[in-house]
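Below, chain A partners chain B and then partners chain C, in two separate complexes.
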Partner chain A sequence: MSGLPHPAWLGLVFVALLAWPFLSPNDYVTLLGVGFLVNVGLVVGLNLVAGYCGQVSLCHATFFGLGAYASGVLAARYGWDPMAGLPAAVALASLGAVIIGIPALRLHGHYLAMATLGFSAIMTVMFNELVSLTGGPNGLLGVPGFVRDFGHPVDMPLGQYLVAWCYAGLCMLIALRLLASRTGRTMRAITFSELAAGGLGVDTARVKIAIFVLAAAMAGAGGWVYVHVNQFASPETFGFLRSVLLLTAVAIGGWGRFWGPLPGALVLTMTPEVLGRFHDFEMLIFGGALVLVLLAYPGGLAALGAALRGRLRRARA
Partner chain B sequence: MPPMDAAALLQVLFGGLGTGAIYGLVGLGFSLIYRATGAVNFAQGEWVMLAGMATAAGHMAGFATGLAGAASLLLVVAVGVASYLLAVQRLRDASPLLITMVSIGIAIFTKGAIMVTLGKNPTGYPGPLGDAVLRIAGAAIPAQSLIVLAACAGFIFALQVFFARSRTGLALRAAAADRDAAALVGVPVQRMVMLSFGLAAAAGAVAGLVITPLTLIDYNQGTMLGFKGFSAAMLGGMGHPLGAVAGGLLLGTLEGLAGYAISSRFKEAVAFLLLLAVLFLRPSGLFGKRKAERV
Partner chain C sequence: MLEVRGLTAGYGSATVLRGVDLAVPRGGCVCLLGANGAGKTTTMRALSGLLRVRAGRVLVEGRDITDLPPEARLEAGLAMVPEGRRVFAPLTVAENLAIGAYRADPAAARRAREHVLALFPRLAERLSQEAGTLSGGEQQMLAIGRALMGGPRILLLDEPSMGLAPMVVRDIFRTIAALNAEGLTILLAEQNARLALRVAQQGAVLAEGTVAVRGTSAELAADEAVREAYLGV
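Our next item is the complex of A and B:
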């Protein structure tokens, strides 16, 4: 198990990320950065559940969608302020996780996979069929952007970038504090041997449920960022395929590695851009990459980075 | 809610049983691989789709449908065995979690490969009885759905005979029951796991071959068929092949009834809601033995 970085490293990385909107040549490139940061927050949460606790969750995109629709519907249909939508987004996604997580995570084996799969399928039907609320398959239109404040319109790409930057940074900071805490050690003990951890008096089910709900809350907040940046939401963004791609990003970045979500989210965000009109090849590539990474390099890109750093250090010595 | 007339109800029930038999066959595949590896094989549904798509492609290219179907069956079994030999067997630490993740990779790879090579449009071929419809007590039942039921029953019967009567079947059961003990008495465990992948792929392929004339098929349908098969297996109790079949029949029938009585728009949601309710109340499935496994 790789060690955790000093919090200063995290600060340094995020200060560096702050340069992106100033370096980017146009709004499109800035917004790619926003997409990347939202993906970082999503992958961080899923990495806690899958990478650190060893639980296969197949509805992470559903929690993302619950957050997006909660705030989006309240703002577009009921005139809520986007800022007031954040607690609603986090609450609805967490509620979903509580309903699914409590019965499923008290059991061993494949119940979480089954329950999350079922939840994903049920919510996809709801997003599509509750047309008067969600706009159905055509999507939710008329979602306002983030409020204008300080005399500056914050719904400019720079403002959106800052919101997403805060979101991703906060998710990584929470993950770091959590992993360094007693609960973090418990999580690693569960992955190593749930039976042994239980024998030592750890309430394993409770830890797993808490992490699952925390990850869903993070995804809900990500949905809030997404819906007010794009000012639109549509069911296919939050479907099963997206959940699977997020899981793939966890594996490619590095299963249970703290820095893994950064390269994982980068691959997830950039692949469709690089493919351009060959975007049909996306599934083929992600599927192949997932198998190859698991076979040849289970530590993912984060472990590759760590190995290169070690080699560099030895070469210098 | 439409009035419950007997003929319509019979039709719904029959349709539900046909779909349920398909779910059962797919679930059987899940159960076989679960018994051998402890993992959930998410590629199972894509194998169903692959069989249908490959046969349709053969049919369009002018080959006899029977020949195309047989070739597709072999192809899918080869893909199943190759998935084991090229991916699963080569994992360094083959934990069920890792095998499950690899199977997700294989699933989206297969789906992507079929989309890129055979296109996105739904396709199909006529069944051996064409569009013939049977009239039973006022209900109209497609003859192909009888073929679906017969094929599923035939495959399950053959599998049971294989497990009960052949030495290989016995060895496979032994390897599933206790890997180490089976290896000690000379059962080639790795070969048995490979065989499980082949049999699971065959179950998926048979399901795909018989369902396509009824519903058509496209690259995207394997995923949902896989979900339903997994659900059937969980409903029946994971690792009990016959339980998976019973679970599939039940799920298909409930789904048909839910679509008829409540709403076809929310049909999928109702089916999964029922499933989750059953699983949370009785985690070992309807037919599985209760195990004291909570720690």
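Our next item is the complex of A and C:
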């Protein structure tokens, strides 16, 4: 299969990632790891839609937000257990994707980009205006964490890291299984020529909608992890800018590259840490670096890795 | 077997086909000739369901398929080999064939695959090769093989000679004749009128969106106007 690793490699990478909370010097660094893993899950889903299916979605952060608010509101306002919020988060994000995806993906061309742009704007207004539910611009306060007060507060970052680790690992495993399946082959065919695939009886709209909804469900689950780790949610986290940054992370990692989401999410997570001191210039530096990387390596960082491996193999031979 | 009545279709505000009538008998091969832009590819797209028909009917074995989507037309027995081949370059030969059998059950797909590989031994040697690395002729073989994977009863071939060397074109046309001899019903849209008329029993010449001349291949090959316009003599 073109470019897909053996599942054991995925297992090895995630076992290695387990070491992070034990190596990290403090809770802050551990929580950076949590942020990274949530970003991995988000980028994996968006890579399926944008990288493998060639559909530009500009509301991935909105699905992330729907998941976060679904579980956050149920827990903070109605006293639901955080664990019970997961199905609600996945369901609400999937529902949003069905509503947007079914009309937009039946059409060819850039309709998904336009529809998702509109959806992102509408939902940002909703997050801000439904004050009685979401807390509006001030944010949603009082969201319980995964471990309740009777737990050991010292263990909290470790527990949160494990939840995020499971989330990211599961997203990557689902993506791997999907891409290795018949549907994965069909996705690649659609990306290459939708017309030819359609002529062979592939219901291209149905495949694209299914992947779009799956990616939204993954983002919704990511929102669930996020909201119970941060115990807070506010609209700007789920806005248009975040959606664009996620798409950027897909590009940096490499469109349609299985390992791409790892470097992509790493850059996405570390940029504010490294560039934060430049304040207003942060986005300018990030954008400039992005242009340079993509000019030099159009296939993204994952492609760069593959090229280096190939060179190493040739040098040894 | 395949009947087209008053087919009208186009793109946006442009009407390309203005009432095309065609009939392909069971086991027959009919070629569709015409200059560039006469509407050959538009006819093929309308027949395969990739382009919405504005008026007219398309019937397969008496069943009206005009309003069916491409996947349902495939189930009705109609498969198309698109113009310019459009093989899935990043996928291997085997994967391309597998997508052709997207709607077929596994046992039928296995039989179809054996048939295709017997027909095109070159593909059998290159199963794990990426389709984009094949030569033009091999890509055309793959495109035909991919269409055969669904077990069609009617094959629509759009410009199979496009961009291929004369030697390769002869090979492809030999295969088309062999498929027709096996009983497959074929509608062949082709620029190369000389070769097309040799394979087909009947022909129709499209001009300005409608069938200008029709007849048996021998009649068309002898027709002064056809000879001048399409055979270059």
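The working rule: the second predicted complex is superposed on the first by the 298 of 317 C-alpha atoms of A that agree within 3 Å, B and C clash if a C-alpha of one lies under 4 Å from a C-alpha of the other, contacts with A are read in each partner's own complex, and residues count from 1 in each chain.
Criterion: contacts are C-beta pairs under 8 Å (C-beta built on N, C-alpha and C of every residue); 3 or more make two chains touch, one makes a residue touch a chain.
Predicted model only: the values in this text are computed from it and were never measured.
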Original post:
Looking at the overlay, what does A:L290 touch: chain B (first), chain C (second), both, or neither?
Top reply: first
Original post:
Which holds for A:Y28: it touches chain B only (first), chain C only (second), both, or neither?
Top reply: neither
Original post:
Looking at the overlay, does A:G198 come into contact with chain B only (first), chain C only (second), both, or neither?
Top reply: both
Original post:
Does the superposition put A:R185 against chain B (first), chain C (second), both, or neither?
Top reply: second
Original post:
Taking the contacts chain A makes with chain B in one complex and with chain C in the other, which residues are shared?
Top reply: 195, 198
Subject >> Parts of chain C lying in touch with chain A, wherever the complex brings them together >> reply: 48, 50, 69-71, 73-75, 79-80, 82, 86-92, 95-96, 98-100, 102-103, 130, 146-147, 150
**OP:** In the complex, go through chain B and note every residue touching chain A.
**Re:** 40, 87, 90-93, 97-98, 100-102, 104-113, 115-116, 223, 227, 230-231, 234, 238, 265-266, 268-269, 272-273, 275-276, 279-280, 283, 293-295
Original post:
For chain A, which residues are in contact with chain C within the complex?
Top reply: 2, 182, 185-186, 188-189, 192-193, 195-203
**OP:** Could you please specify the touching residues of chain A with respect to chain B in the complex?
**Re:** 54, 56, 103-104, 106-111, 113-115, 117-119, 121-122, 125-126, 129, 194-195, 198, 204, 240-241, 244, 247-248, 251, 280-291, 294-295, 298
